[in-house]
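Structures for review follow.
What follows is chain A paired twice: with chain B in the first complex and chain C in the second.
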Partner chain A sequence: MTAVVEAPPSPEPPSTRTRAQQRSSAWKRRAPLLPALLFTIAVTQVPFLVTVFYSFQSWNMVRPGSQHFVGFDNYVDVFTDSVFLGALGNTVTITVVCVLVAMLLGLGLALLLDRQFLGRGIVRTLLITPFLILPAAGALLWKTTMFDPTYGLLNWAFGIEVEWLSDYPLAAVMTQIVWQWTPFMMLLILAGLQAQSREVLEAAQVDGAGRWRTFVSITLPQLSRYLQLAVLLGAIYIVNSFDAIYLMTQGGPGTASTNLPYYIYQRAFEGFDVGQSSAMGVVVVALTLIVATFALRLMFRAFDVSRGVK
Partner chain B sequence: MAQVAYAGASRVYPGANSVRAVDGLDLCVGDGEFLVLVGPSGSGKSTALRMAAGLEDVDEGAISIGERDVTHLPPKDRDIAMVFQSYALYPHMSVRDNMAFSLKLRGMPKSDIGGKVEEAAGLLDLTTYLDRKPKALSGGQRQRVAMGRAIVREPSVFLMDEPLSNLDAKLRVETRANIAALQRRLATTTIYVTHDQVEAMTMGDRVAVLRDGVLQQCASPRELYDTPRNVFVAGFIGSPAMNLLTLPVDGGAVKLGELEVRLPAPAASGEVTIGVRPESLSLVGAGEDGFDLQVELVEELGADAYVHGTLAGHDEKLVVRADGRTPPRLGEAVRVALRDTGEVHVFDPESGLRIDAD
Partner chain C sequence: MTVKTNRLGGSALTVLTWIVALLFVFPVIWMVVTSFKHEVDAATDPPTFAFTPTLEQFTTILDRGFLPYLANSAFVTVLSTLLVLLLGVPAAYALSLAPVKQTSNALGFFLSTKMLPIVAAIIPLYVISQNLGMLDNVWALIVLYAGMNLPLAVWMMRSFFLEVPTEMIEAARVDGAKLPTVLYRVILPVVAPGIAATALICVIFSWTEFFYAVNLTAAQAGTVPVFLVGFITSEGLFWAQLSAAALLASLPVMIVGWIAQNHLVRGLSMGAVK
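And now, the complex of A and B:
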């Protein structure tokens, strides 16, 4: 009994020594990563903290010396600004509609591409092209060659005269974004389709499933991971859409097609209101984080097809 | 319950030099029979099975199941169940859902499905795993789920495509016996593809040997072993393989070293190919009737030892079965005798066909 009582004190000093040694060796191993970490902090976290700091200031660059601390005033203003709320609504509409439409189109195209036919390589390359074009170039292309009221292809093809960009500004912008992002969705889903085991599909056929049933019960559940990834990545990129709106509609007419990135840009670089635009930036980051972590997770739980046939 | 009949069925892969994967297959599998399709890789055995399943097109000829011509029917209308080499379980479904899937598609009421699945699971010792996903099962359990998925359907034909090739050796022997017993109990017509001739010999009522898409012989395992129709079947069935030697005929006999072997069958041409199984040969004392063999390799298997060697004075290789307790040493010269001239198989060296005594 005494031996047991006496035993604990002696092993303690060596264990702390080894722990210290372990810590120093761990630091030695991690030290080479330090520059990268510092760089990342410098270019992402520091600007964010500076933005948070600005968001508590009233500061318009047009009036030098006006900078002073105002607490949460900027945030209150942001949430009572009807233009901001409108832009928020537009952002949500653009993101949800574009992601869904691009994903459905991408799924359809991927299903068509996931079979043998003559000239498959060429068709695949052509379908990917919109994704390879510079976003600004794509936006200009749609603004001029497609939507232009006098010499646009759309009016020529349908024999009508519609001012697409001023009559349907949001739809026009969304068309361009969908066109741009469908190939991305298609590629992701095609990868998922081709990762399927052929024997599993054949087993479903033998089990008596037709094409539609195989698609719904076997293919779609196995694709769910790829679809989730496509939705997540697509949403992250499309929330930040700027090129299309800046080049096609300038957010107009009025603020009809203004989304959050474009509105923040306007307030910061056309209104020079650093305080207000910083507050908006912080709000957007917070909302995006909430959506990314909670809303999407909730959505996938609701539509969780990977649990199998109920 | 039904019989399966291939009538001149061919599968031709198109291309510049089109490949006949299965070439004019004529084969009838009787009601309740266990037929094994065996052959080396690329022999078209899997393709033949997949043609019956409806997963490969039939380019020529016809296939019927029962009285029905199913040549151009989709798999789901053929009333078959298939066990795949990779098992092809639905990864996102539990074992229960995997087995119930086909019954659900058929619109069977839920209570009946539950009963059938439980029954099949009981038969295969899977009851405790019903709520697991395939990912959480061992190889042998997955194999049993694949079997269960086929059994619950109560199809008229089972099609099995090398279902044991992903199991380890011990489990394979065990499962082999289980499948054979299960098939006998259910008495469902079964076509079983394998490249393993031990599986073919032990499981099948009849065995069909394929080579390059052409049926070589279809017979009971015993008959295949005792009277192979040609050199290919003779060399393919049996382990170790039959010794095949092409020798000149001299007065109705060939010379194996010093040993003169009277041919049981008359040879037409100046040469014949003779086949002697390793167990038809035995080691004897020096000076006895026989021939000398230079030992090059001894494979000891416990009960038996297989002695590989070269015929003295020739460069022909031979395998002899010897007693496992007293095998000869490497480099030694041993005397080998033939048990019985009746055990010598004679083939035409050009066509490869068997030449029979009568």
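And now, the complex of A and C:
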């Protein structure tokens, strides 16, 4: 960081007066940024630091005065807790499967929408609606009107009798999440498709490239930035999925559909175990940071953030 | 010949697109239909398609005290979005048109806070709110939602600010315009649609937020998702009522989203690619 702050070496050492001027102009430039920066630090970083502090304490909220320092005990407990490891596995499954499926469906829908046809505006409006429905409402509706074993539409439509939420809890939750996020992916990819230059596409056709060839060689490379953005933003939100699990399965049956946010919630607000749930939170952050470091690097390359820096 | 098959293929594709769209949105259509049913028609096997519509469920929802939740949601959403713009617009300016030297560090910092899972901070937030007497208080949600949306907002608005041609700003400066004039007359007209798109995204994410709302609020400051949690125990019994509540809870953001969908597309793609 300091390397960036240092001014480039100038051939002649500037006089103290201009240096002071430079400094004041640098602060003038920073001034509009500072409120946002300080606010973000206060609201997101400070609570996290407190979480780190709590993670070294043994503290149960229902027993006042039980708070004391225990070193790494909570972390040892976390890594030997099979429920935690299961929840970690479920989180990875939910995130990877939902992001990929939603992106593929979104790509398909965007391709269908990327042409002129009767009622295009209406179809697009219909397709974005699941993204605008309250996720809590969507989860409850899927749980009842779609997945209910007796009165649900799915069993009626397919003429089967499946206990979706107890036999396939993870798949049911993921269905709802995919349904919710597909429109988001579709909108992003559609923006990418519409940013394509028509001339290039026509030139490819004139050169005798078929539809598939044009799609693979011209459209996909052009879309890659949008796809990366879709994956990154989707993953950021889906990794935190809580509504669907809380409202549809309560993490069950047993812990079959428990993910990390739901498990931490349970330990904190049902078990009142501040120390252990904090340690889990810290572990989650560490894991996310490892993944995110790669994702961020990818994104910075994709969007060339240095653009506009003079 | 090829023109004819193309046209035929085209209309087949159009029909397919319509079918896919209707199937995809069917849970929403079914929600709307069910919300106008009497409870006896709501959960049946096979499903009931012909029924006498009623507004009974909507009046029941209002009687169950839905309006205060709606008011809380509106208040929290509007104020947190305004707070995001108040903090985010200057920050985006400082990271684009008059860039500070550590621009990519600052941007990286904002983005990295988005990577921080919200569960990792919920316990201190709960304890701090409790100590400050801010549990079940709308202002706690306003501050937290602003913190949640600010990083994405700064990032999006920066992309829109970068689209302002620097020549325009310099030309205005040469003509002797002071900074406020430049901001108001030159920059604002170009970035206004981008700011609107950003605000829209913030509105959607604030209105639909669940985790903070459920954990930090209850009867006083509860937002519409908290009202819906009341239906978790009455599963299978009050589907028509649930559908009516789900419809009322989603309707404001649905209407805003439908009207502004072009902004939404632009906002999501963040003007990142030209």
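Quick note on the criterion: the second predicted complex is superposed on the first by the 267 of 310 C-alpha atoms of A that agree within 3 Å, B and C clash if a C-alpha of one lies under 4 Å from a C-alpha of the other, contacts with A are read in each partner's own complex, and residues count from 1 in each chain.
Criterion: contacts are C-beta pairs under 8 Å (C-beta built on N, C-alpha and C of every residue); 3 or more make two chains touch, one makes a residue touch a chain.
In this text the structure is predicted, and so the values were computed from the model without any measurement.
S.K.: Taking the superposition on A as described, I'd like to know which of chain B and chain C A:Thr145 touches: first, second, both or neither.
M.R.: Second partner only.
S.K.: Does the superposition put A:Phe69 against chain B (first), chain C (second), both, or neither?
M.R.: In the superposition, A:Phe69 contacts neither chain B nor chain C.
S.K.: After superposition on the shared chain, which partner residues are touched by A:Glu199: those of chain B (first), chain C (second), both, or neither?
M.R.: In the superposed model, A:Glu199 contacts chain B only, not chain C.
S.K.: Which of the two partners, first being chain B and second being chain C, lies in contact with A:Phe79: first, second, both, or neither?
M.R.: Touch status of A:Phe79: no partner.
S.K.: Would you sort A:Arg213 into first (chain B), second (chain C), both or neither based on which partner it touches?
M.R.: Touch status of A:Arg213: first partner only.
S.K.: Taking the superposition as given, does A:Phe294 touch the first partner, chain B, the second, chain C, both, or neither?
M.R.: In the superposition, A:Phe294 contacts neither chain B nor chain C.
S.K.: Spot which of chain B and chain C makes contact with more residues of chain A, would you?
M.R.: Touching more residues of chain A than the other partner does is C.
S.K.: Could you pull out which residues of chain A sit against chain B in one structure and against chain C in the other?
M.R.: 305-309
S.K.: Considering only the defined contacts, which chain B positions touch chain A in the complex?
M.R.: Touch list, chain B to chain A: 53-55, 74-76, 80-82, 84-86, 88-94, 97, 101-102, 104-106, 149, 153.
S.K.: Can you check the complex and tell me which residues of chain A touch chain C?
M.R.: Counting only chain A, the residues touching chain C are 1, 4-5, 26, 29-33, 35-37, 39-40, 43-48, 50-51, 54, 109, 112-113, 115, 117-119, 123-138, 140-146, 148, 150-151, 153, 156, 179, 182, 184, 187-188, 190-192, 195, 225-226, 229, 236, 239-240, 242-243, 246-247, 260-261, 264-265, 268-269, 274, 277-278, 281-282, 284-285, 288-289, 292, 295-296, 299-300, 303, 305-310.
S.K.: Within their complex, state which residues of chain A touch chain B.
M.R.: Within the complex, chain A touches chain B at residues 197, 199-200, 202-210, 213, 217-218, 221-222, 305-309.
S.K.: Over in the complex, which chain C residues touch chain A? Could you list them?
M.R.: Result: residues 10, 13-14, 16-18, 20-22, 24-25, 27-28, 30-31, 34, 43-47, 87-88, 90-91, 93-96, 98-128, 143-144, 146-147, 150-151, 154, 158, 162, 204, 207-208, 210-211, 214-215, 224-225, 228-229, 231-232, 235-236, 239, 242-243, 245-247, 249-250, 253-254, 257-258, 261, 264-266, 268-270, 272-274 of chain C touch chain A.
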